Structures are given as structure tokens and as C-alpha cells.
């Protein structure tokens, strides 16, 4: 075990955190609302949208992220390049920062996961809550924002937390896009001297740190939201 | 001010409402009586669009709507003028008692928060819950929950309040108090449509009593008429079993 | 057959039950009266161990238990002999009406399925729900739900039934019917502890009436005594507001 | 004979001494260096050479364990495998974690894959000067180190180096498509993939060029405690190389004989 | 595009990939089984009254959830035999699939424990109270009344985790266990890293069909168990 390497690489890996977080946050910002809305569309069996949502969920949830990354990364330029050329679009398709691909793939994935998370959580809230909200003159949006979502979140939060932690870990697949995040940085550092054991320990520590921080935030938020429930106990 | 024409509503193959007409004028206090399962709750729910009727029209002030095909906007407009007291309370479980009452004011009606809190406090005081402002519904007894439901409706100061058995979970002492509250707001001119089993309320406060059975209005009349001289056999039958002998003589 | 000694129960800092004693003999029908929030529901819940009392003893037949530290086995034994009718029904949402009633028989008491179904049908018929056997609770009106709750308790044929406002969601016609059912099972010798606001039930059926307020038993006596000559001022006050003038004379 | 699980052993030596079983890990995705053939048997240049070593060492019995490059590196270091082959190159740092024997195992040609029009780019410094873009290289790959070392040696004429993933980057396709200008490539792979008549990208043979700029020795990695085994290996392989058996294997698997260029090899 | 894309590779890869499907099934099946049991135990601890047990269960969940799969795999693959060695057991000859199953089970358990905890908490307490009041024992009340209702709540999240697990094949490949994902990698490297798009498309096709099948089953089960339940419908 090479301790100096271990320590040095820890900070190298740590410097990959911002990009991992950036992908995570952007994906969540997109996936939370769209996952929620699509979940509603499935519960209410809105025609077309709910069927599309199902197909979408089954594909995105069913196939490995790395494969999705690969397919998008390989075929999008192949498909777009001729189009760009034809219409004389100036920017080269190959100059697009690969982080955009990451945003797309990870938001699509997280959305699919969250649709299911919300679907289960929404079903636990009693119908009477919505009716009561209507009856005091709240509209749909107000009723959801003020009454239903806080109750739904209590049930959904632990699973959103799991999804977020998984997302953070999955951003390591960004290596396929040459994104310089945690895992890739550590592995590059390890390659010179084949210090992979140390690198894995560093990766482990960084993710553990990052994810437990995120988990703690979720737990705190859950506690706050549950106030009304624990009051009864 | 509220006119309902020919409401029909089925659940699956069961037709629950079979063409109900209803007319309520400003200041009216209308009581609906009827056996369990006769469709009273369903009628109120259709008026408030909590259930979509299969057929029927409503005229609410200057808003004319088809109950089956009303738009979201129309529904929202109408709901803004109606308050509802649920048979099973339906308090917001994630809000305190006071928040339950002020929610509709602050968010739905845009009343400033301080004012809403004041209104909320007043209406909670009216139902005798001034000391439970910060409890959560799960910490309340059944009767307390029902009173919060009533306070929530009253606080909105709506054009019309629909009450679905507002005193069922109350002890008789409170029934008296709540009925007094209801009488007072009735006197203030609030229009009310009340499903209740409190004959004395019907007798004392209502200016019209409707007897429903099997999804239709069997009979409709002033309380005096309906209690002393019910025309239909079904009504007679129901009232005979429900009302103490001496009740009618007291009218 | 059931003796409770010195129950204490607090929620947080609020002491709700402040030392309640209770003795019920076989065949007794005891009615508990009291204003909302006085601790009636909490008392019943503690007897059935749905809430753990902070202090207190119970003697149930030959089972002596400390209410605070009873073992799982003791609790199970006692619950096998007690049935509970909830103020807010608490029907099993994932079971049909008939299954709601037979669940306790088949699983809890090991009654053969066919027999349990027959018993279930009978007790549902008693509360007038013979035609709703295969509905789910979410498809029932409030009154129908409450009757299922009662049928569920009756079907168990327990030593004692605790009723928490069993008629509150019923229309008066049904109240009459359900009270008749309750009278009948009372006559069959079932012991009952009933929280109710139905004074006439208390008058006609109960052999003892307990008046609770603020977590203590204020007064306890035969219905005749308590309605005609309440001793405590609080009881007098409560009854005066609750009972029609002529009620007392009728006793 | 050797199978996936039991190594070849010399019939003569087996009886006398206690035969020691050793595990030889190889990167199973490393065709033509080490891989599993259609029947699932391990083969490839480095595997076949190791089989010859096994034959020459009666006191050892080799077991070939197909695995990933990550696991190979961890496993050899931890002692789960006694030795690993994965087209590994020598760096000073790596000797801290593994024993590099005295005798190398094979040779690997490295070059730049380019479009025909960039034929004149012969090595990394040409490439850097022309400011061309380079396909990402898997971080655990030795080619990455080569470029990285070049960059450190030539700080004012650097190649733009990016780490990526072996599977997501199809260098031939990327270069031909124009997504990047060039990619570091192994001669052996180029031979099999583009030049060979039945190669999957033989249709691009006229559009691309491969300019080899270095030949590098490849080494088996021994666990730190396996000095004795490494010495035995040295003995055996020396003889095998003298008998020119390695040359034959190289032609078989790489289509060229890099041993001819041995004089030019610097590392 | 035509220059690089050759659909014959897709059809060629399908049978090769399918012949490794049983490995995926075996690993997923066992991991789900053991992981669910573990998750259940953890959930019970989390909901129980013992503070120490709750802390342990929560700590376990945090660590296992936060550990990258590959690190966990190495920990199990190298750590377990080392620990066993201290007790005199020799585990080095164990099949790699066992390590993969252990790794996945440990991780799946952590995730399922949260799924189960939230599902349990989402069921109204009145349901349990009613059940014990009709004479069911707490265990019966749980099994007959609470569990079926919690099950419906857990199902979509369970599906999420199951599909997630199914796709983790690349992890198994790391220690040389080849499932369909690993086979795809091998096919690609046998083609010298070319035509990977086609191979990956073939792989996706199989995975997609699998996930549709699984979802069909789940939605059937969900329908059966959510009888009598009212859902929120906006009006």
C-alpha cells in the first residue's frame, strides 16, 4: 500500500466531485418535475402520454446506462452530422461538450426511476385530501403544492434519496464520455504505477463522503416533513 | 342562486342519482334527509364536482354549466364560492389545525396571512377549539376533527356551504353548540345545504326540507309541512321511525 | 368480568386519563357519556392495548395484567375476547365487506371458512348490508362503512364489545335499527361498553351510565338516577344542555 | 493439453516433485493478446507463450483465469493470482507493486491511426505540432501512459490527451468519421482489423494509415512474493525466445514479427 | 452511417448473447431472494424499538448504498476469503458467481430496506389496529392486512431496484463472470472493438424485452393487490 499515493490521489479524486455533482443536480432538476408529472399521467391513465411513458420507462429503466451513453454518443453525431452539413450549421457536432450527453442520459434515466417512485408515493395519499383542498378553493397546482406534495414526499423521499445516491455513483459512467469525474481521475492517476487498490480506496472514500452527506440532507428534510406524522406517535 | 337540473350519476352499473332537481335561493337553509345509501353524499359531491355527474346542468349565480362537461376554469370558479364539510372530515394531515383553516384563505383567496390567521382563530373559537390551534389532526379526537372541518368551511365565508352530516361525530352538548353556530351563520344570510339527521335543526333552522330515497327526491316541503303532514308514503314511513312521538306536536 | 384500575395516560405533556376505575360484570351494558375530548376514545383504546397506558391494572376474567407492562401473549389473549367498533370505522381497505367481517373469524379464531362466511353473512344481514357483501369499503357510503364495522365486531361473538360512537354516521332510521341490533345482542348477554351520544339508548338499554370529563369519571350510576338526579354539577350542566326537557319525565 | 481451467503440464516432471499450481490471470477482452476462442479456451499471443513456459516448468502447473484488467491488477497485487498478462508495459512506479521479471514476454507495436491525408504525421511530436485531436484512451491502458510520458517530456509541444473508455471509443470509426484526427493504436489490432482481408474494417483500408512510432516490450506482472516463480519464468522464456518460438506465435497472432525490430526498442 | 453500421452483427450477436442469459437470471434471482430477506430484516430493525438495532441498520444502509458497486465487489471478492482464512477456511476456489451474488445481495438488501420501511409506514395505522382488534395476532395482522397494502406501495420501487440489478452485469464481468452484458463486451473485443453499436443494440433489445416482461408481471400483480384502493384523480 502506497500511502503517499493514497493521500495524493484522494484529493485528485475529490477534485472530480464538482462535475459529478453538476450532472447530479442538473439531472434531478429535470427529472423531479417530469417524473412527477408523468407519474400523475400514468395514475390518471391519460391516453397516449401514459402509454408513451410506459414504453419510455421500460426502455430507459431496462437497458444499462452505459449502453445508452454509448448509443447516444455514437449514433447522435452519426445521424446529425449529415443534417448539420446539409443546412450549413456552423458548429461542429463533435465540438459539443460531452457533458451535454451526460445531462441527457442521466436526466432520462432518473426521470424513469422517479416516475415509479412517485407513482407508488402518490397512491398512498388519501383521495379525500385532494377533495378537501378543492373544497376550500385551491386549484390543482395549489392543492398539489401545498397539501399533496408534502404528504407524497414523506413517502417518496427515502426512495428519491436512493435514486440520488445511485445517480451520483452512476455519474462515474461519465468516463465513457471522457468527463473528468471522480472515478476517471482516480484511475488515470493509478495507471502510471498500477496503484489501483489505493485508487479504489480513494474512490470509495470520496463516494462515501459525498453520498452520506447527501443522505444526511435527505434525512433532515424527511424529518422536517414528517413532523405531522411523528407528532402522533 | 343555485339551481341544479336533472343530475344523473352511476357507479358502474348502479345508478345512484336518478335525475335530481334542486333550487336554492340566497339565504335558504335546505336540509336533505334520507336513509343511508340514498345518494345524499353523492349529490353534494356532484355539486362540488368531486364526482363528475353523468348528466345534468347547474346554474350558479351567473355561471351556467353542464355538470358533465364543465371546464376546469368553471369548476374552479364555482368551488371558490362553495365550501364543503366532509362526512369523514378530510382534514389536511400535514397541516396544523390553524393552517387547515387558513389554507384556503391564504392560498385560494389570497387573504393576507395575518388577517387569515385572525379569521381562522375566530372561526375555530366559534366551534370551541381555540386551544388546539397548533395541534395536528392526528392528535385530535373525532369530535374535535369534525369541528375543525366546520371551522374550515365557515372561515371561507362562502356563498354557500354544503354540510355532509356535520354533527355526526359530536357529543350532544357540542351538537347543540355547533348547531347554534350554524344557526348564526344561517342568520347572517349564508346559504346552506345540509345533510343531517338532526331533526331539531331541520325543524328550527331549515326553511325547506328535502327527503331523498333511492336516488330521487321523494318529497320537498317546508319543515312544518313535511314533519306534520308528509305526503308520500315512503316519507311517512321514514319519519315515523325516526321522530319521537312528541316531536311533531311541538311544531 | 372486566375490571380496570387507575388508568393513567398522557400524550406528551397532556394528561388525558387521570386515574380511571371501571368495573363491568358479565351482561352489563355500560354507556360512557362525556364531552368531546374528555378521553372516552382513549379509555377504550387503552383497554384494548391500542394505546399503552402509562399506569394501571386490568383484570379480565382470570387474566390479571399490568396495563403498562402486559406481555404480547397476554395482550393477544385479551384481544381475542374483546371486539372494537372504531369511531372512524377502520375497515380493511384491501378486503371486501364480507372479508372484512370474516377475517377475524378465519384467521384469528380459526373458524372454518364456510362457517365463517355464514356467520359473516348473518351479521351483515343484521345491520342491513346483505347486498353489499362483495363491495370494497371505498365503494360504500359513510353509514354503510360504519355498519360493516359493527357487523365485524358482532360476528366475532366476543365476551365484550367496545363501541366508539357506533351510530354517529348513521341516519336516524338506521340508528334505530342498529340500536335494536345492539339491544338484541345485549339481551343475548353480550357485555358492552358503549361510548355514545344516544341518550335514548343509554336510557333504554344501559344498566349503568358513566359520565366522564377531563380524564376522570365524574359520576356513575343507573341511567334512571343519573338522568333524573345527577349529583355532580358538571353532569347536571352537561345533561341540561343535551337532553330535551321531556326526556327525563319519560323515565 | 491445456484447457480454460487446467494448465498444460509436462508429463515427465509431474510425478517427482510436488507440482505447484499457479493462477495466470489474463484480460479476456484483449484479442489478439489474450482472449477466449470460440470454444471458450484461453488463447492469444501472451497466453500461448505462457503455455510454452508452463511446459518448460515441470514443477509448476498453470491455471488460466479469464478476468478484467481491473481485477487482474488488484488480484495479482493481492496474491489471488500469482501472475497476470495484459499487454502490460514497464514503468518505474509499477515495480513498487509488482515484480517485473528480467525477461520480457512479447512486443507491442504502437502507432498513430490517421486519415490518409495526414500520412505525413509520423510520431507524437508531429501530431502535437499539427495541433490535431486525439481519441480518448482508457485510463487503465498503457497507451495512455505513453502519451502522458511524452507530454511530460515535451511540455511545450503537448498532445491533447483525454481519458475515456475502451468500449465506447471505436478509434477506427472515430478517425474515419472525422470525430477525432487520430488515435493511438496497436499494430497488432490494426493488422487484424483493417489490413486483414476478413477484418471488420477492411473496407476502410484505403482511407486510413497507421504509422508506428514505437515498439514496446510487454511483461507479465508477478505478485511481489513470487520472486522464485519469476526467476523460473526467466529461465524458461529465455530458451523459448532463443528457439524462436515466440516469433512464430507473433506472426500467428499479430501477422508481423516485431522481434525483427528489437534493436530499436527503447523500453 | 452505412460505412460503420452493419445490421448483420445485430442478428449474429443475439443468439450468442441469449446463451448467456441464464447467468444473468441466476445471479439476479439469487441476489433478489437473499437481498429481499436481508432488506426485510433491516426494515424490521429500523422500525423496531431498539435504538441500537435501528442505528446499526441505518448505518449499514448508508455505507452499502454509498459504496460504489465495484469497490464493494472487490471488498467481497478479496476481503471475504481473507477473513475466512483467519478462521481457517479456504474460499479461494469458490466460484466467482458466489461473490457476485453476495455483493449484489448486500447492496440490494440495503436498498430494499428503505423501500420496505417507507411502504410500511405509508399504511394507515388504523388498519393494523382494526386487525388486532378482531383478534389477529400482530404477526397475522401484519401478514394479512398491512403487508398486502404495503406491498402495493413497495412494488414500483421494487421494480426499479430489480431492473437496476439486472443491468449490473458489467460488474460481474469485472471479476470474470460473464453474463449477457459481459458477453457483449467479449463479442466486441473479439471484433477488435469494432461494430460495438450493433452489439449494444442487440443487447438493448434483449434487455428491453426482459424489462417489458417484468413490468407486465408487476402491473398484473399490482392490479391484484390494489383492489379496493382509490387513487388520486385530478378534476
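Think of it as A, B, C, D and E in the order they're written, each chain with its own count starting at 1.
One rule holds in what follows: contacts are C-beta pairs under 8 Å (C-beta built on N, C-alpha and C of every residue); 3 or more make two chains touch, one makes a residue touch a chain.
What you see is a predicted model; the values in this text were computed from it and never measured.
Path length between subunit A and subunit E in the chain contact graph, taken as the least number of steps between touching chains: 1.
Counting steps between touching chains, the shortest path from subunit A to subunit B takes 1. The set of chains touching subunit A and also touching subunit C is given as B, E. In this assembly, the C-alpha centroid of subunit A lies 38 Å from the C-alpha centroid of subunit D. A separation of 47 Å divides the Cα centre of subunit C from that of subunit E. Put simply, the C-alpha centre of subunit B and that of subunit D have 83 angstrom between them. Residue numbers of subunit A whose C-beta contacts span two or more other chains: 66, 70, 74, 78, 126, 129, 134, 140, 200, 229. Residues of subunit D in contact with at least two other chains: 70, 74, 78, 167-168, 170, 173, 177. Counting partner chains per residue, subunit C has residues 88, 139 touching two or more of them.
Of all residues in subunit B, only 11, 33-37, 41, 87-88, 139-144, 147, 164-165, 168-176, 197, 199, 238, 241-243, 246 touch subunit C in the complex they form. Residue ranges of subunit B in contact with subunit A, taken from their complex: 45, 48-50, 72, 76, 79-80, 82-84, 86, 88, 90-96, 103-104, 107-109, 135-139, 152-153, 156. Interface residues of subunit E facing subunit D in the complex, by the touch rule stated above, are 3-4, 70, 74, 77-78, 81, 92, 173-176, 185-186, 188-197.
Within the complex formed with subunit A, the residues of subunit E that make contact are 1, 4-5, 62-63, 65-71, 74, 111, 114-115, 117-119, 121-123, 152-157, 159-160, 163-164, 166-167, 169-170, 181, 196-197, 200-201, 203-204, 207-208, 210-212, 214-215, 226, 229-235. Contact residues of subunit A toward subunit D in the complex are 2, 66, 69-70, 73-74, 77-78, 81, 94, 175-178, 180, 184, 187-188, 190-197, 200.
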